[in-house]
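Labels run A, B, C, D, E and F following the written order; every chain starts at residue 1.
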Amino acid sequence: MEMHSKKRIEILLEAPAQKRLTDLLDRLDVTGYTVMPVLGGKGHHGVWSREGLPSAAGTMVSVSVIAAEERLDQVLEPVFDLVRRHIGIVTISDVMVIRGERF
Amino acid sequence: MEMHSKKRIEILLEAPAQKRLTDLLDRLDVTGYTVMPVLGGKGHHGVWSREGLPSAAGTMVSVSVIAAEERLDQVLEPVFDLVRRHIGIVTISDVMVIRGERF
Amino acid sequence: MEMHSKKRIEILLEAPAQKRLTDLLDRLDVTGYTVMPVLGGKGHHGVWSREGLPSAAGTMVSVSVIAAEERLDQVLEPVFDLVRRHIGIVTISDVMVIRGERF
Amino acid sequence: MSILDLAVQNLASPMVLFFALGVAAALIRSDLAVPEAAAKLLALYLMLAIGFKGGAEVSKSGLDSAMALTIGAGILLSFLIPLAGYFFIRMSTRLGAIDAAAVAAHYGSISIVTFVAATEVVKGLGLAYEGYLIAVAAVMETPAIVAALLLARRAQPKGQAGESMGALLREVATNGSIVILVGAFFIGWITGERGMSMISPFIVDPFRGILCLFLLDMGLVAGRGLRQGARELSPPLIAFGIYFPLVSASLAAALAVPLGLSVGGAALFITLAASASYIAVPAAMRLALPEANPAIYLTLSLGVTFPFNLSLGIPLYAAVAQRIAG
Amino acid sequence: MSILDLAVQNLASPMVLFFALGVAAALIRSDLAVPEAAAKLLALYLMLAIGFKGGAEVSKSGLDSAMALTIGAGILLSFLIPLAGYFFIRMSTRLGAIDAAAVAAHYGSISIVTFVAATEVVKGLGLAYEGYLIAVAAVMETPAIVAALLLARRAQPKGQAGESMGALLREVATNGSIVILVGAFFIGWITGERGMSMISPFIVDPFRGILCLFLLDMGLVAGRGLRQGARELSPPLIAFGIYFPLVSASLAAALAVPLGLSVGGAALFITLAASASYIAVPAAMRLALPEANPAIYLTLSLGVTFPFNLSLGIPLYAAVAQRIAG
Amino acid sequence: MSILDLAVQNLASPMVLFFALGVAAALIRSDLAVPEAAAKLLALYLMLAIGFKGGAEVSKSGLDSAMALTIGAGILLSFLIPLAGYFFIRMSTRLGAIDAAAVAAHYGSISIVTFVAATEVVKGLGLAYEGYLIAVAAVMETPAIVAALLLARRAQPKGQAGESMGALLREVATNGSIVILVGAFFIGWITGERGMSMISPFIVDPFRGILCLFLLDMGLVAGRGLRQGARELSPPLIAFGIYFPLVSASLAAALAVPLGLSVGGAALFITLAASASYIAVPAAMRLALPEANPAIYLTLSLGVTFPFNLSLGIPLYAAVAQRIAG
């Protein structure tokens, strides 16, 4: 099967800022994104857990974007600009996809 | 620690078709799979969100399979065949595992 | 954008043992970890599903740690020691991060 | 009560207003949300409660041939309405055959929440209704799907069908919402008054309040659908979402008299015909006709027809029932 | 009421029927499901309600030495039953020492939902029971785990034990289900009648209905477990899951008379002994004896013993209590 | 009732005790937990119920100028309290300007659960209160955020502000908790007694019990916050979390008399001023002042001020209201 090499950007971000991030992604014209839940974690800001919280404050989400390598910097810079002001981390990894023209 | 190189296939698929996919994986005789929840996303089919939906329609799940490289095509072809008819995307990436004989 | 190469360790572990793992990670002095939910799966121990279960037994969670390559073995050995006694699998993959000094 | 009074009273009920609140909240992009798990729990509760109550009613009134006849009529309607719907859609809109068949399936099937809202209106009018209408609701979920598949197959290239109809029907018939509805119905029937007295503080007393919460959620989902999916709906399609329930209602009304249904029963039977599914059928369509665009059928059913029925349709059907039955 | 009448009436109760509905739905592979978060909320509700009611009862009746004695008897039973169970399993099945110890632990501990179902049967017979039995239930959760660990250690290679028993017991004693049960018990005790009048529309009136919903979920989980785990269970093991509760029940019955329990109290005390844990102990076993196969103990406890107790066991224990106590 | 009796009775209420149970469970590191989805459902229920009841009260009593005046006073307080709070924090602690502004915002806004707990105490004293205080609660959520932003901007380097205040206010005003509170208030107002009779078995009867469950959850979250965030809180900051509510309460008490509030109404108005937000404002602060440390403001508001108000504050405010109003 023919496969195409792409980049996967994963943004772990505090939940209250999620809408800002997805609005930004909309403006950046990525072909899509996927939001996944996070139960908890630990980092420099201490321990987090989603349990029992009735509001978004104190919880995180993970937003992934699959994009072509040549679009990487274009997406990463504004995204990182937003994430820097918030609690969050950004990781980038390699993935292969099948319908390459879709990303 | 000795590590073995494997492939990780991640299938993001609309939830109503989940059982079809896992039934297919059973028939393909993979050693296992893992299902993770997805909160929402955006793509060519528009924006999705899991919130408030009492049924599976309109939601997605992520199914990952770790497999040996030599089994990749054998698994990918029928899986992609199924995914093509549905809303979903397939990505493949490299992972290392420790108990290599298990996958 | 300058990026730094790191390792991402993902531990899929039965939920009752989660606290043991995160306590271990605390002792190992990793810079952080992230816990994500798992809905279900299948492996040598059979089929799992989170649905309807009022207790942690019979469910799994995914714990990811991003760490510098040189710390990998230091983290992996005790982690794998714990996971070996339980139901769980460990995968390692490459990721790039932006604020490299944080991991 | 005049039909206008009825409509006004219905529009000013907490149920309709909470639905409207949900729609409004979605339209102003509020982050108000009912978690998915909570929405599923509420839906489960409503189906368990309505099924059990129906069964308990039947245990009181006993069985008669009217039940079998009405069930048969329901099956017939559920099969025929999609054919009519398909015809109207193809004549009046630009939808292709697959999309048209998928939409039509939704209108042949039923919306249990619309049914529940109608029982509240019927009870508000001091009317009783036949408990077995729950069973009629359950049997009306599936035939529409068969009809839609037959319609779609004519349009599909041979061999591409993929799934066998048998496998699909098995999946649809073991659908959770049907199982809990039918199961609770039989449990209500078996345990009768004794069972009812045991669990009525759970399934009767707080029922309306919980329905309000669920309708708030439905409003949120419908509003979000409208915001995102409105551009998929052409004016003729929106019109279909409003006039076609009246077509289905007329078919049901014509059957209600010979079936000998009570006034309340006729109102509910008409409501079933006029309502469109947005839980069981969308999931079935994703399996049966994955090529059909879900934004179209979900938005039309939940964003147009459901609010129409909830606000104006139900009082209208009740008024019609008062004229023709009784 | 004769024991047969009692059994029939119990089998035809909404509680048992909803459990059966869940099992049936799982066996026909329906997608009916209670979301995890909802199941946890329901479990929390049941434990809060039953704990509070027990405490409120004790605040009415006051303390007496019977309470201390019954608690002591409960601890003893919870410790001894696993030893007996281990013996029977090793004699009659091919399970290894670790698996046998893990299974035995479940039978020494208790199932709070079985207890709750038994209180409904007892109340249905017009019987009262000692409120402090909730406290007995709480103390019976843990000793069985200790007994099982002692059994397993004899079989394990030295040094491999890993976890200290102290750490494990701390984890088990702060288990959420014990904390809410005991906490609500004390709150019910402290606030007494005043507290009860404040929250009884929440914890008393809808209790049975919510129990039905939870039992539906338990049925779904049990049915799924049976479908997937049945091949792990040999016929002698299945037999154990049915006859061993009778052994435990006999031990408890022998103690109930000298303890001076009321008829209702004796029925519940026997039920506690006969019931097998499927919430607290499975999680503890994953930590204490991770080598044991969870499919075996979960399927046996939830798929065999729980339905047996729910349907036939409880009426039997109630009938025995009526003979021996009062 | 003397203030001491009132405090004792309040401390021994199921509500306060379940909160304490939650705190204790978190401190002993129990795994007791309320799932996130359940916590959100409970919060939604409480806001829907309290909003609806307020609206239904207003529909009974009718509108008067007192309502407009009290709303105005609430807005004023919500704006002024953060200024006072900022001053106290900067004088007495080492917090920087941004952290101080973020903390101050929480105290200008309100905690709806504290309000709800106070209504229970007020009702327990046999007092009535003005239904429109719900509307006052709703309008007091936002102005504090504006005040805090103005404070923070003085301290921030120019140009770095990022978000426009307009965009932020839009987000805050469409916050889910405000929308459901205000929406339910209007629905209660419109449907009045008829609506209330339809849904009171859901929103009135089980209300206190559900509140207990929610307070258990709040206790768990507060206890976890204390365990993890305590080292962020210096003694002067902890002191602020206890004395500053008394400052806010005094301001509100001074306004309550000229506003002509009833005794119950004055108690609630004072409670609103004294309470600190831990749902809406923390989320807003993450957007508006992301540089502020959430561990500080969440721990102080939920771990210190909330328990203080719940246990001692509310009876005190009620006692003050009995002196000054009526």
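Following the convention adopted for this analysis, contacts are C-beta pairs under 8 Å (C-beta built on N, C-alpha and C of every residue); 3 or more make two chains touch, one makes a residue touch a chain.
Being a predicted model, the structure only gives us computed values, none of them experimental.
Each step here moves to a touching chain, and the least such steps from chain C to chain E number 1.
Touching chain C and chain D at once are the following chains: B, E. One rotation lays the C-alpha atoms of chain E on chain F, and its angle is 120 degrees to the nearest 5.
When each chain is reduced to the average of its Cα atoms, F sits farthest from chain B. Of the two chain pairs considered here, D-F and A-B, the higher C-beta contact count falls to D-F.
Comparing the CA-atom centres of all chains against that of chain C, the greatest distance is found for D. By the residue-number overlap criterion, the interface of chain B with chain C counts as different, with under half of its numbers used by both chains.
Centroids of chain A and chain C (each the mean of its C-alpha atoms) stand 19 Å apart.
Rounded to whole angstrom, the centroid-to-centroid distance between chain B and chain D, based on C-alpha atoms, equals 33 Å.
Averaging Cα coordinates per chain places chain D and chain E 41 Å apart. Among the residues of chain F, those in touch with two or more other chains are 31, 33-38, 40-41, 205-206. Among all residues of chain A, those that touch two or more other chains are 19, 36-37, 56, 93-94. In terms of which chains touch, the assembly is arranged in some other way, matching none of the line, ring, star or all-to-all patterns. Those chain pairs judged to touch are A-B, A-C, A-F, B-C, B-D, C-E, D-E, D-F, E-F.
On chain F, the positions that touch chain E within their shared complex are 12-14, 17-18, 21, 24-25, 28-38, 41, 205-210, 212-213, 216.
Chain E makes touch with chain C in their complex at residues 33-36, 39-40, 42-43, 162, 171, 177, 217, 220-221, 224, 228-229, 278-280, 282-287, 290-291, 293-295, 298.
Those residues of chain D whose C-beta lies close enough to touch chain E in the complex are 35-38, 40-41, 44-45, 48, 52, 174-176, 179-180, 183-184, 187, 190-191, 195, 198-203, 205-206. Residues 12, 36-44, 60, 62, 73, 76-77, 80, 89-94 of chain C are the ones that touch chain B when the two sit in their complex. Those residues of chain C whose C-beta lies close enough to touch chain E in the complex are 14, 16-17, 19-20, 45-47, 49-59, 85-87.
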